[in-house]
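You will see chain A twice below: alongside chain B first, and alongside chain C after that.
For the complex of A and B:
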């Protein structure tokens, strides 16, 4: 399974700074600029396509977008944007860790549900002082997520099962296992009529930074992103991981076992994925119920791709997705079906990968042309 | 599983089925399984196991899985992994429900197929034209179909549409007609009611005959025309893919596209056609759910059947008959859960007997390891049968995925996926 050019096209070797060549071929733009421009273009194209869809169905797209901006730029909505971006950031980091090892962890969905469920039941039966209790819940969630991802890793390393298929199946199995355990064992018969697990004691709750608007989990999410940057991009281990992901065979000749890297990357990805349900569990619902959040895993894929697997990119892309989610309410009030937001997100996912492909191809061709030109000129001179 | 253990011919051992053709072998295995099933029914007094009602329900729940599996088969045979089957089915359910409400069931079904194939076209566009990663495109199509159909529901089924809402359509005008085969299941010929012979046989419940009558009657009694059409698609797929020039080219596109292209096969249009068919099959599956299994569209109606279909494609070894077998197996478990949850544990006695028989046949062939594992599995199945009197529904739902993972992990040597499925390919670049 080959993944799209996840490394980005940032590593375009700059050809010789020969004045002659530079005159003929305009100077190549900075790689990060290309990345930024193509991501922005992808979002722009997606908005245009969604606008056309809105127009076809008899809604005024300009009106819709201006309302989204108006509503979304208010202070409360900006806080909500950050709140809603929190799980996307975490899920996207989980996906990105996989991408860096050339693994497609499509099972973030199942992993975060497992993490959330086990944290909810383990946390409810434990009594600890506040900071320890929260830490305990987070550790349980990470362990559960990592264990669930670990099944796919072991299947891949030991039996050669494609991780995409394995994690899809594991997503479905996770849903069934959780439903079963919830129905049979952990449905809490409390005073309220809510169908939920036993509520977490207040020592496991995470406080809000701004009451009912922004939970404190965003700090943990940003820490996760920071750690992702440090571990994957700045550490020796991260270098080995990326090397193995780019070319497992070459890395193996340098003594990097790809099997080991697969296991580690998958466990890390699963552990991070396990955290994605925590903002909701520890900061809001304090119990697991069938009205659980869903879709973080799949939207995390979109966020990771839009952010080009880079820490900063993931934060920005997650904020964009959070922004889109936060304006659903105001949009509905003005008579535009709020589901258009889900449509926009899906189109962004498609346009991002398409634009990446097209731009990547362009850049590669340009590099090839420039290299050819650089090689050709001395030969012409020599002749 | 019994059908697999005696299959691989190996010269070093005594093969239980040596000298038999593949077809005979398959019939022999099917016959043995049937006898064991009948035996289970008699031993456990579990009339539900082989009743015509169960068989009919099995057929009804099998069809959408089968169509999703065939959708996966067509896509992967042309070299494209289709994770978007679920999304294409969602398109089918929505347009099926809408068409059946507005214009009638047949139009609804046709709209469902067209909507599904548009999903397939989009997937092909992303994957073939832009060489986008197949999985990502599939995920995008799933998200797009879910959001898009909800958007349409909010738009179309507003307050002034009676019976409709954000998450469901009004009921259809009329159902698709159903057939009763004359003489076998008491169908009518020009207003004259013929005798229901299979029903009579089933009622007496004799060993083997009663079971055969029950299962057959379920397949010929009160069957929707849509089911019949869907079932015909299995041999049709087999014929087109393995007996026609077009099919050979589709398969070559999934095995070695650059080799095929070097021989003049035009891969690009071929993949578009195959994805249109794949999407259309998924859309048909979705339409079936909205029009035949139910009488209206409901959000979440597909209930991950697209993913079961994907599992079925793998489980069925990328072959139409295998897909049919896998879909029937998964459908049977689901149907038993629907018909009588109490009869599901009885299936474990059946599985125990299958495992025991497999163990015996391995012992005859001097394969001691598989004989021992067969015995252990049989014992475990028997223990489950003895101890459990109700299988929780979520666990039956997980069965197809668990089975597929087990098959992938243990029998991957016998699986033969198309060699180039899921790999990036751009026309003219590989050679």
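For the complex of A and C:
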């Protein structure tokens, strides 16, 4: 089908040969570059807003930020940054798996607590050689996390319950269930005065890479990110998962059962979430107690959003959040309220969402414009 | 012509969009008290222009005069205030409200926070009397047929005091008999002093009903003519800029092998009534079986059932000798079934994903696209490139996201994907809906080639010319049943229209 006789008009170029089309297209910025630039912009805006807040409270923001950098860039603090980033990475991957299937798993918090609690109990009552014992604890944690997330998945598939509501409620229920089980059954009457579950035997402990600074779980966390990349972005299963997430109706029409994908994605997300408490349990406390870590699930949502659900983005965003947490202590010593760190994190989360939205729209429009321009849609000029 | 006699005058309108042909240098003069037709092919920019006039978006250049006064419409409410009303192609009515409630919705006459239904009712009765457009005001909209819904939309616009009515392809959803009623109505409205702008690509209707015709081609106005000064083929040439391609040209050899057999298929509806009742037909090797029918008479459910997304209560589906009634959609796809769905955006494409992932969708189980558990991205991309080339998809590369393409190119990509898996049976639902004429001709050609190579095609279309031109046999669906079977030689749009409204039933169910 040949096009009618045409005359190019205005700034639209004449129909271009193939080589020219390719050249034009390659001029478009790479997607990862756009992601990086917009995430950096979001962080920058957040720092400016937090700076204004600092100035209002009578502190010099430049001074505060330079103190943060000074403190944070010391070797010990850098190790601590990585240590603190470990659970964030894992929790963020759990959230990102859900996002890729268009599921918003707010329940990572409850899932990781369940995983941690059951791993602490089960791990304390078995005797296995070291590597197996660690593996056993990890498997228990993943199973418990997956099972807890699975409840939300079944409710969604069977009863159409929105996963956001189900997982929020399951967070509450997880806390109550764990507290009840801990108080009724698993409070350990040991020699120490600490209120804890029975301590894990040393065979279940994970060694530190740098004594008291960096645990070896960072390696597992990075492996989880790598696996996430392979499974979600490179495998056939991941393709179907992303297709279902992008357009469930089209995926269904192409023979992909979206219910099946919802179940699998939620189970995977929960299993990964179950691991988020493990750096603390296996590498540090070796028992579950009321002084458990909390907030990983919610930090994970922020990290996944900041990292745009991409593997590399998650690692970078987790390190940023780890850095901010690690400078909290030193900041307090200099008279700057350490809660500014939490404020910065919260503002980052908001700016990321806003910047993502704005940049996403502009990128979509520009892509469409470029595509149209590259094809030089010919116009028929009125006779 | 003096500006005062013009109801609407558009000069030098320019509107640009990514991916689609926008308006450029559009000039339109609509005389007050006339029916003015705007004709052009799908995608020529008619609807874009009308959205500009109705204030749904703003033009980059050009001026709008209404009754001689220059206006800038920032939103539809500005246009409504200037006396312009629009009846959309897709009705925008709330199903669970009555006709009266729908009409007053958004401009309720009220006192102290209460809607004055009595005032509204007497006002509406006056409007109905004047315009000769009658509907039962207390009927729930959900019970109305398409023609009646359209009348509600028209009344809604008149109720808001519109002097100028824009009707966007009003006949696309109507059967021929309803079209006649609509035209009687429009004549009556014009006699009462209204001005009607009528958008269509159906030339016979345009010639029959309008006082003036403006032709739009590739985004710009190319001619203004009087209906008695042109013939149908003149107009067609003005519209297309060259000779009109046609779906005709049948040289098919229908084989003896039955590729798709649907036997006594019954599917339950949400209410008491079955949406499909004892539907039976066969499609042979190299045959195109066309299904005619007003949308919503069971065609969608039929397709969903054949591909396996809906379970029938009774009946069977046999594809190439294998009974697939109880298999999953995936097994049916693997078994050689392909589907061009009704709505490419909703059911066919991953708009945010690159083209190569779109062409891979549903085919990732194929040996050539897998490396163990992983997707062979290189193979998928090169396959995508060959689909893009074979089906003339206009795109700079296979990595562009699908949303960046125009509708016609998206559809060509979709048709390419479905034909590239070398299916034995293809269900093609509105394969050329909303695509430009070039894409339409290309898609017809590809379907014909595939059919000549032995593909069995089940064609669902609202374009009766397409149906008659491509099909070897036509069945009519009405109310979930097959009510007529005819050969394309005996089928005319009028005859099909009679069957489609359920006026006559040739076959007992």
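The rule is short, and it goes like this: the second predicted complex is superposed on the first by the 340 of 383 C-alpha atoms of A that agree within 3 Å, B and C clash if a C-alpha of one lies under 4 Å from a C-alpha of the other, contacts with A are read in each partner's own complex, and residues count from 1 in each chain.
Please note the rule applied: a contact is a pair of C-beta atoms (placed from the backbone, for glycine too) under 8 Å apart; a residue touches a chain by one contact, two chains touch by 3 or more.
Keep in mind that this is a model prediction, so the values were computed, not measured.
Of the two partner chains, chain C is the only one touched by A:234; chain B is not.
In the superposition on chain A, contact of A:251 is made with chain C only, not with chain B. When both complexes are overlaid on chain A, the residue A:294 reaches neither chain B nor chain C. Once the two complexes are overlaid on the shared chain, A:243 sits against chain C while remaining clear of chain B.
Of the two partner chains placed by superposition, only chain C is touched by A:371; chain B is not. Once the two complexes are overlaid on the shared chain, A:161 sits against chain B while remaining clear of chain C. When both complexes are overlaid on chain A, the residue A:70 reaches neither chain B nor chain C.
The interface of chain A with chain B overlaps its interface with chain C at residues 1, 3-4. Chain B contributes residues 81, 83, 126, 130-133, 135-137, 139-144, 146-148, 150-152, 154-155, 304, 307-308, 310-311, 314, 392, 394-395, 397-398, 401-402, 404-405, 408-410, 412, 422-424 to its touches with chain A in the complex. By the touch criterion stated above, chain A contacts chain B in their complex at residues 1-4, 57, 104, 106, 155, 159-162, 164-166, 168-173, 175-177, 179-180, 183-184, 295, 298-299, 301-302, 305, 337-343, 345-347, 349-350, 353-354, 357-358.
On chain A, the positions that touch chain C within their shared complex are 1, 3-5, 9, 21-22, 24-25, 230, 234-240, 242-243, 246-247, 249-257, 364-365, 367-372, 374-375, 377-383. Those residues of chain C lying in contact with chain A across their complex are 17-21, 24-25, 217-223, 240-242, 245, 307, 309, 328-330, 332-334, 339, 341, 346-353, 357, 360-362, 364-365, 370, 373-375, 377, 392, 394-397, 400-401, 403-406, 438, 441-442.
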